[in-house]
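Below is one structure, written out as structure tokens, with a few remarks after it.
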Amino acid sequence: MNADKARRGNFFEDFSLGQVIDHATPRTMTSGDVALYIGLYGPRFAVQSSDAFAQSIGYPRAPIDDLMVFHTVFGKTVPDISLNAIANLGYAECRFLLPVYPGDTLSATSEVIGLRENSKRASGVVYVRTIGRNQHGLQVLSYVRWVMVRKRDARSPMPATSLPKLADGLDPAELAAELPRLDVARYDFVLAGEPHRWADYVPGEKIDHLDAMTLEEAEHQIATRLYQNTAKVHFNQHHQPASKRLVYGGVVMSLARALSFNGLANAFHIAAINGGRHVGPCHAGDTVYAWSEILERAEIPGRRDIGALRVRLTAAKNRACADYPLRTPAGDYVEGVLLELDLWLVMPR
Amino acid sequence: MNADKARRGNFFEDFSLGQVIDHATPRTMTSGDVALYIGLYGPRFAVQSSDAFAQSIGYPRAPIDDLMVFHTVFGKTVPDISLNAIANLGYAECRFLLPVYPGDTLSATSEVIGLRENSKRASGVVYVRTIGRNQHGLQVLSYVRWVMVRKRDARSPMPATSLPKLADGLDPAELAAELPRLDVARYDFVLAGEPHRWADYVPGEKIDHLDAMTLEEAEHQIATRLYQNTAKVHFNQHHQPASKRLVYGGVVMSLARALSFNGLANAFHIAAINGGRHVGPCHAGDTVYAWSEILERAEIPGRRDIGALRVRLTAAKNRACADYPLRTPAGDYVEGVLLELDLWLVMPR
Amino acid sequence: MNADKARRGNFFEDFSLGQVIDHATPRTMTSGDVALYIGLYGPRFAVQSSDAFAQSIGYPRAPIDDLMVFHTVFGKTVPDISLNAIANLGYAECRFLLPVYPGDTLSATSEVIGLRENSKRASGVVYVRTIGRNQHGLQVLSYVRWVMVRKRDARSPMPATSLPKLADGLDPAELAAELPRLDVARYDFVLAGEPHRWADYVPGEKIDHLDAMTLEEAEHQIATRLYQNTAKVHFNQHHQPASKRLVYGGVVMSLARALSFNGLANAFHIAAINGGRHVGPCHAGDTVYAWSEILERAEIPGRRDIGALRVRLTAAKNRACADYPLRTPAGDYVEGVLLELDLWLVMPR
């Protein structure tokens, strides 16, 4: 009489094209989350740090860090999508659609938009589009991710491959529709930490963010639990006896973003993640550095107050980024590179 | 002129039957505590995680996790009751009497209800009934615990043994009087994470909660300080040079409860702890697993919306719980068992 | 095209007498910060822990711990003042001018009030007076600190030495002007944890605070990031390969203050830091102890409700403080001493 009520997560066979999954555990975000987020990563963007600053440019109060919203929504999807994942392969078409404030409750729904069995038939790739909503049912976040998931049984028959068509990058016209109209004359560049505006950045420009953080087990575990992310690899040492627990990739994203303040202090909002890739594993004891390259500078139609910068934010471990590490001449990733994020950032003009 | 203002805690001689102790440091609970609690244990019960979910079934907002209330009240008693404790022996008759919400201020009072000197006369067992109250003076929690406390002087004369009569378990009629009347039709089992209702569980059923957490020193220290628990064994490495710092037993309770979500997701409220026992010590580096056995299914008189499940929640370290470890055929605890908690859980019918 | 937008901090040459620096990143303090502060240090002062207690004596709600205000304001100054510091030499004339409550936003401004090149010309000492303000522009904190800062180039010419005249201690008449008038009859000494009032302490009295805390890397890093303090030595293991990361001195201050509850439970407010000195480095794994000596007992003019105690709070590592360690007969600091803080504490009369 030992019922199987505890869930072991979905396997590749459990997914079907068009399947919609409402994920469990809605989560009310609070100023407690904000404090813990600051304690875990040390971000210094004035808009997220200060109600007074946020209000001065038109927000009702300081919004919650965009990546904290991302991680919270992502965390809800884990028990259904990636509990049996072998690897989190990538992100695309991620848009931050509405600011989230303390007191808002987030929930998440995913739709399976692509499936591809791997050639060895032991696993397959699942593509999902996940929508995060607030307590009013309004979309605050939308993104696609794809993960490699184990099959329960290699002999299971699988449907034909179906791959979603994903944009290489979001159109600036789609960005930041939700942002308050800023009164840039009231944006205090001294309090914000740097004088550089949107027009001061040029495509091709590279910025070594100089600072670095050495990660501890307790830090990444507290962060990942805060997002109610349940993936075993982050928490259970027995799960990978030969190494340390794997740091949730979102922790590296948030660290890199916090480090990027030094050089991109006025990039106060992530409007979109065009693409993202966790290149290598990160473990406790690793020291994370970051650098950015400006890929594109775009006007946002109808907005004279803000502009968009397309930026590739790269994180590396255990090496400084003065030489802007990314790929070797042969096209491989340089050793130590952890993360490549292709972002649309918003900045005052 | 070195006055002895710093307190060294009470010894067994300092307790007398009927003695009432008002404990220091009232504590206002906040959404900051809630966030940190999620970060430290990763609970996913929807009622405690989401104001919107809690409100949908009749709470004014998300209540604070029952065990966080327990640990906070417990923490206040430590400087007076157990600073010189050799061992925390057990709990009984623990009832959660009123929900606690962010903004409420908790304080604690204990009455000595039993005393028994040990045969070797170097220590004795103190039984206290502790009441936790909110800022309106209303009881939110009541429990009995007994601890073995050192004597200041083995030669001190002691009063006759007096043992309290403790119930083996609370009567379901005493449970959950304070709970809002749930509109079960509005309880969203999808958002809550599992479809299983009260009637889906049967006595004798065993549930391996599958997940596990490897504990770090920083995690249990932050948790234990959050409860303002001052017991030296948790914080001062010099206090036990031969081993690591001892993890506060409440940390194991909260971890086991959070892990029990997987299989008991709708057991949204702990109405009572009939009994509890810390079977073995837990240290940083240990990985905590948990399993539950359904002991009894009881109606709560006058309630058609909810029912009570009596559940034994067992935590073990450094071993999975697929074989439901508890006692050997000879009656000893299986190696690795950390905690045995006999709970009344409340679930929608 | 690799622009130098990331900031490397100021060097000694970059400072000039009378220079005023508005520091970046205003910070809204919240109940999340309060919870994390309790989790990191375990303070038990009833006024800061309980809205109900604080209100009972005249505060609108529990104020934020004085040292948390100090660390937050201090943290803002780091990128401008001490990113290239060799050592943080001392504090003086630190006054806590107004209570800070959750919801208040802090910002900081510093004025260079002294400069002295070191004899070897590779560095110099910078004296700044820093003012912390709330969102209404009101001063909440004022202090002087001096730091040894590297020169960019030893050959740079420097202006003449100019040293500020600093008071040895603040006049009690300057203290606590902002405090609510307490209704001492309503101050509950049982809930506060100890019976001792202002008049119960006598100059020369020494108090061993007995308790101790073993520090972890994750703990001091989370604390220091919470203050948005960016000094590399606290976070980047590569920065001091021969040792562990250096613990931010403010962490030791807060630990010592929290430990001092045991013996000074009613010293509910730090009115001033007359002087402070980080005597030795602290690293993860160190166990911090503390003791206090009462230096002076002073009336506060016009106040019958409260009085001031001048207290030297000393922290030491890896040794108990039963023998009140401070200096050897030869005048050197005893091995293990970490911190010496000369405080004006406020207590009910």
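Labels A, B and C are assigned to the chains in the order they are written; within every chain, residues are numbered from 1.
The rule is simple: a residue touches a chain if its C-beta (ideal position, glycine included) is under 8 Å from a C-beta of that chain, and two chains touch if they have at least 3 such contacts.
The structure presented is a predicted model; accordingly, all values stated were derived computationally and were not measured.
Colleague: Looking only at residue numbers at the chain A/chain B interface, is the share used by both copies over half or under half? Answer same or different.
Modeller: At the contact between chain A and chain B, which are copies of one sequence, the residues are largely different (under half shared).
Colleague: Quick one: superpose chain A on chain C by CA and send over the rotation angle as a multiple of 5°.
Modeller: 120
Colleague: Calculate how many whole Å lie between the centre of chain A and the centre of chain B, each centre taken as the average of the chain's C-alpha atoms.
Modeller: Here the centre of chain B sits 36 Å away from the centre of chain A.
Colleague: Check each residue of chain A and list the ones that touch at least two other chains.
Modeller: Each of 30-33, 35-36, 216-219, 222 in chain A touches at least two other chains.
Colleague: Enumerate the contact residues on chain A facing chain C in the complex.
Modeller: 30-36, 38-42, 44-46, 49-53, 62, 190-194, 196, 200, 202, 204-214, 216-219, 222, 262-265, 285, 287, 318, 320, 324
Colleague: Report the residues of chain A in contact with chain B in the complex, numbered from low to high.
Modeller: For chain A paired with chain B, touching residues are 1-3, 5-8, 22, 24-28, 30-33, 35-36, 79, 102-103, 105, 107, 135, 216-219, 221-226, 228, 230, 232, 235-238, 245.
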